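In what follows, chain A forms one complex with chain B and a second complex with chain C.
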Partner chain A sequence: MKHPFWQAVGILALAFVVIEWGIPLLPGSALVPASVVLQYMVTVLAGVLIYVSDDEARWRRFREPIQAALVQPRLKPVRLGGLVVVPLVVGWIAYGQVRSAVQAPPNLRSIHPAPPAEITFRGKSMTLSGLDNPLRQHADSLPVYIAAGKRIYYQNCLPCHGDRLDGLGHFAPGFNPLPANFQDNGTIAQLTESFVFWRVAKGGPGLPREGTPWNSAMPKWEDFLTEREIWEVVLFLYDQTGWKPRTWERTAGGTR
Partner chain B sequence: MRAVGLSDSRTVGLLGAVVVALLSVSQTVRLSSQDTTRGKTVYVKWCAGCHGEDGKGDGPAAAYMLPRPRDFTGAVYQIRTTANGQLPTDADLMRSIDDGLFGTAMPGWKGRLSDAERRDVLAYLKTFSAFFADTTQRPVALAFGREPGSDARVGRQFYDSIGCRKCHGDQGRGDGPSAPTLKDDAGFPIFAADLAQSWRFNGGGDVAAIYRRLRTGLDGTPMPSFSDLIDQKFLTADELWHLAQYVRSLSPTRPPELRDVIHAPAARGALPAAPDDSAWNRVEPSWFPLVGQVIHKSRWFTPAIAGVWVQALHDGRALALRITWDDRSQSPDSAWRPFTQRVLASVAGDDSTPPAAALWPDQLIVQFPTKVPEGMERPYFLMGAATQPVYQWRWTSALRTSGRAVAGLARGIERFDSLPAGSAPAAQAVYDHGQWRLVLTRALATPDTADDLQFRTGRAIPVAFFGQDGSNGEFGTRMAVSTWYFLALDQPTPPRVFVTPVVAIAVTLGLGLVLVRRAQQRGTRA
Partner chain C sequence: MSDVLLALQAAADTTRAYGEFPVIGARGAVWVAAEVHLMFAAFVLGVPLFAVVAEAIGVVGKDQRYDRLAKEFTRLLLVAYSATAIWGAVLTFLLSTLYPRFWAYLTAVFGPSMWAYVGLFFFESFTLYLYYYGWERWHQGRSKVVHLGLGVLLNVWGTIVMLIANSWLTYMMTPPRDITPTTDPASIKLWHAIANATWMPINIHRLIANVVFGGAIVGAYASYRFLAAKTEEERAHYDWMGYVGNFIAISALIVLPFAGYWLGREIYQYDQSMGITMMGGFMSWLWVIQAFLIAVLFLAGNYYLWIGMGRIPGAERFRPYTKYLLMVLVLGAIVWGTPHTMIADARELAAMGGSHHPLLGALGVMSAKNSAVNLMILTTFLSFLMYRRANTRPVVPWARTGTWIQAGMFGVAALVVLYFGIKGYFVEAIVRIGYSVYQVGAVLACIVFVTTIDILMGRGAQSLGAIRWGKMPARSQYALFVLAVTFTWLMGLMGFARSGIRQHWHVWQLVQDTSKYAATPALGYAAKMISACVLIFLTLVAFVFWLGGLAEKSTFVPSSEKREKEGARVGH
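Up next is the complex of A and B:
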């Protein structure tokens, strides 16, 4: 495989194998979308062409097999094959592009929409900004509150959010969006406890439009739990996962 | 309690173990307190919520589940490689911890707890039962041999002759005549497994796993071991393997894959209004999982319907939807009434006292918005809201002979206003060995354009499904639900679509020919 043409073919094939099957095997990785694969392959092809055309002799040798396929009578089958296969492939790709298959509309959802400044919880007005978990003021009783929060979690939240708190409960596959994963560093780790209280209390129906309230299966827990019970379960979420809630900046007058 | 369902020889063996355990009890307690502190920490944090602080399977979540979480104090384990009535091996326990128990609330913990944590917790949960204390008797896995070549026909013969159909039913969907009587050893109602859903088998759905269950039985449940039939030479090990192969053949080769869109192709000829019309065999079914309605009072934590298979066809004037789902009972069925009562008494919920069992029908609901939405906004998936209703078709087994379903507007889960009969879709249903097959047919356009959804081709139309098994105590808000998916009435490909590819082919071919011609001219000149 000293010939530059076959080297180029080999590099392109290797690059394709790595991008298509290698990258998805990396931990935390996913399938590479076809459009990105195409971009990578074009980049690799450009690199290969720069390399083979860099040196005059190498460029000539690189072109030899292509030239031969186009000219030599011996290689007529290759030539005809190329003339049939390449246009067909191009036609197939073009057909794939223009064929109208109805697809699910894109689901654009703001995962942490801006909370309201104030909510009404069972008829009582609550100001969310600057609000801390009131149970944290009783440091001695925290273990009792957390134990209560754990019982509430297991009796209510478990089917969807799961016993690992990772959003993979046994009912999770039935819902879209999937239940929140509290272990992930993008959920409760990024939020204040008052935000979590709001999400629990008002559930899916309490989301603003950008949060796609029509899809969320999160119940309005205000109908099931008391204010104290919600604060207890919020304490449990942070205790069980080890995350610390975001806190309010006192000097700035309470912006997140 | 350990002796329930045990044969005499095993009882003797276990009594021996009890004696040994009692003799060494003080030592055991001291040993476990030394060795299992780390395991206890993990257990209390991650397992006790379901299995209970004392390992009795009575954690706060337990009452919301059927089957109940394992009670470790009894040391009765379903999923083993050891003989019926024996303790599991450590490897058996580790497999259940690692992979979880499919079709139940028990998740796999591999990757969620470290190897050391899972080993520690395994050691700790064994301390809940004195049966594990006798270390002189190590549980030994049975020799299972190798799977012979497949012969599902022989397997079917033994399926009939050794009594599988009594509980699992003629087609394996868990609808056998004994199914309504089944209880586990603790007295909780238990379903005979639906053998057409192998991806939900507790111990795994491949042929080897099914064979192991046939050999070992599922201890603590009515599922017996069939090893004694081999000892009695009633059948050979190979024949039992063939039975496992037959059972596997009842399920799809792969677990169903969830897709967002149901494609309704344009039908050639008349729409099939009958559920068993052969035209349905040519339409690809889509699977949609259903889960308990745990959002609105009264919540329902143990639904019986695992999901629905949906197919759709249209002819430009009307739409036919075929919905197929497994349901062990043709409700209302008085034979299931005691079972219904046991389910309602076993599962916790929002009502202070469980409702009395009644003869509820089976129900299936198909839900659409009242209009095909222009943007991404749609009504609330759980039956809309007072301000934004949804358009639903409701079919119940009580309506079966009427040939119609009811169309109406739901304004939240508790309010359904039916529309005049003229809006209702035609409905034909069959109940066949543990499976409902229902075809709903309606014209794409109707006169009542304000309330009835007007179907249009080439659009993604939101659709959701709800199901109830009356014999499982499902009525009112107690149901299985889905989220929004989409239905697309495909248009026949218009001829102009083929223009672009043909042009692309011609241009590419032309360029190729020019390239070859020029190269050859240059070659001859050189």
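Up next is the complex of A and C:
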């Protein structure tokens, strides 16, 4: 493996094995989507090409086997093999790209829709910017609110968002995309409580017109829950997952 | 009934507010005109900055090469100015015919500043003519200083022109909060509209970006001339020019993310929903593409330096280390480019339990990305340092200690970046945002102190031989092309991001876009539009380069020709 050509082949093969099969084997991991495998491999390929060509001597040695395979009479079988294998691989990839499949195409879903500055909840106007969970003002009663939130969650949210709040409720397999996973560091951990309140209250029908088409089966919970009940369930989500809600930046000019 | 009334209101709002443009539509036409105009504007603002600095280096260092370099670029500016003005006129006419109501609003707010803009453009053009045509006349003694002053003045006019135009577009994004849809535009105080929340961040960001862009275009020009060179001497000249262009582009690029961060922060602070749309919403994919492109810049910039070491005697001492730098850059690019919300089919989504990967998803958040980019910046700086030191050996008695201190500073900066990167996962978002300031601070401090030590240590250093300019393989020059094309594409991409976050508003929450183009375009469409703009711009720039060669000979003068001329002068 001292020859740069075989080093390059070895690095690429190793990278593919690690990304395709190594990462999914790690504890708590899952398979890597094909789009990400491609992205990683392109990056590694760029790195390998830089490595073999940033030094004149190494670059010359790297090209030697390629040139030899193209011109040396003794390597005719390799040449012919290449002429057969390369078009076959390209054809196979092209076939894979164009063949029709019975599954939905990949979805570029945006996870965080932009919240409006203000909403109307059951006829009452609410400013979301700078809004904190009002129940947090009563620190002594928090256990009671959280217990109420837990009851509300199990009565209403469990079928989709699951017993472990991981988006894997028993209805979940029927949805694409899956219901939000609150245990993930990219959902409620990144958001203010007022954002979560807005999403629960307005659900799929209340998503903004920007970024459409949306794919959400979330009901509009303001039709079924009171304002306080929604705040209670928001408290429960943060308490149960251990995430801290995003807080507002306090400035001299007010809250942002 | 209310729906009917709303439809009637929308129809009334839209009547005579918009024009139509064939084939690509009104929005497409304005998009192309605005973007190509902006690219030329960046060219004619970035290159004079480059030219005047090069001229000053030539004067102070008494090195004629820099003076010739500055003149060669100023010559290209003459044509580029015309192209900028033409595209500016195209944009103005398209706006006034395709978006007349919005244009009327903007002129009502900014009218006087538009007159000033035209006046300054006039001054700028004539200063440029004096600067270029007076080059040979004012080339010695005090008159050279006056000439240099003209170059500075040219940049002053250009910068003010940019500041004025920036106020218009930043007002469209972040108009002052006390202005409402019912405010009479003529009653808005001009300065109040100009000094809006994102005006200064955009000014700084664009000023630095123009330097980067100017350097990259200079590099591309030099690489074109290098590849077309007929003699070794000519090749050496353009190799050197390419190096200078790349050095300036990458040096300014290192500080550009910090200015961008400030701009992003101001957008968040002005309106959280705009910030979420930009970074976490449907515009978030642009940042993954941006990360990928900036990784290309870092890789190409470092690649150029490493190949360049082949022509520096003494650089072989540092060769064994470049592969480790490459590993850091590749790993950094992988982390930086990892999307949080992944493109996946139904099977993959089910296996991951959502669109976030349970393990790799951790690389998709800001803690990981900030750490990756800061380490990539440190790595690139280390490449520069090795390149700079390659053909010298420090002779000061404390050289060994100094090198260890420098290494220690790199180590401390990398540890600070990693510490806050990891800690960022365990604190709430508001605290995490503050960590990026510490990471950036550590990297900047390292750059400043290590450079200071290096300059002091380099005093009287023993030379290991002169750089063999021109002894570069052709592939190194393609790296310079890649840099210029990638910078241009990035400008188009981020221009779309900045403009697109206004969504269906001409002026955010003041003047609504009620045209049929109010929807935000899909990524594929946007990518095609950006590519078209880049292609138009680069084709025109190639034409400008060609014209530059056609109008006059290159400023490179072969030494044999110089000797002949000198001989002729002596003879007379």
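As a convention for this text, the second predicted complex is superposed on the first by the 139 of 256 C-alpha atoms of A that agree within 3 Å, B and C clash if a C-alpha of one lies under 4 Å from a C-alpha of the other, contacts with A are read in each partner's own complex, and residues count from 1 in each chain.
To be clear about the criterion, contacts are C-beta pairs under 8 Å (C-beta built on N, C-alpha and C of every residue); 3 or more make two chains touch, one makes a residue touch a chain.
Not measured: the values here are computed from a predicted model.
By the document's definition of touching, of the two partners only chain B reaches A:Y95; chain C does not.
In the superposition on chain A, A:R74 makes contact with neither chain B nor chain C. Touch criterion met: A:Q103 reaches chain B and chain C at once.
Shared-chain residue A:L83: touches chain B; no touch with chain C. In the superposed model, A:P205 makes contact with chain B only, not with chain C.
When the two structures are aligned on the shared chain, A:Q240 is found in touch with chain B, with no touch to chain C.
Looking at the shared chain after the overlay, A:P173 reaches both chain B and chain C.
In the superposition on chain A, A:D223 makes contact with chain B only, while chain C stays out of contact range. In the superposition on chain A, contact is made by A:Q155 with chain B only, not with chain C.
Once the two complexes are overlaid on chain A, the chain A residues touched by chain B in the first and by chain C in the second are 103-108, 166, 168, 173, 176, 209. Chain contact summary for the complex, chain C toward chain A: residues 268-269, 271-274, 276-277, 280-282, 284-285, 292, 295-296, 299, 302-303, 306-307, 310, 319, 322-323, 326-327, 329-330, 333-334, 337-362, 364-365, 425, 428-430, 473, 475, 503-504, 520, 523.
Chain A contributes residues 23, 26, 28-36, 39-40, 43-44, 46-47, 50-51, 53-56, 59, 103-117, 129, 166-168, 173, 176-178, 180-181, 184-186, 189-190, 209-211, 244-249, 251, 256 to its touches with chain C in the complex. Taken in their complex, chain A has these residues touching chain B: 67, 70-71, 79, 82-83, 86-88, 90-95, 97-108, 150-151, 153-155, 158-160, 162-164, 166, 168-171, 173-176, 203-205, 209, 212-215, 217-219, 223-224, 240. The touching residues of chain B, when paired with chain A in their complex, are 45-47, 49-50, 59-61, 64, 104-105, 107, 109, 112, 258, 260-261, 263, 289-292, 294-297, 301, 348, 350, 376-382, 385, 458-460, 481-486, 488, 490-491, 493, 497-498, 500-506, 508-509, 512-513, 515-516, 519-520, 523.
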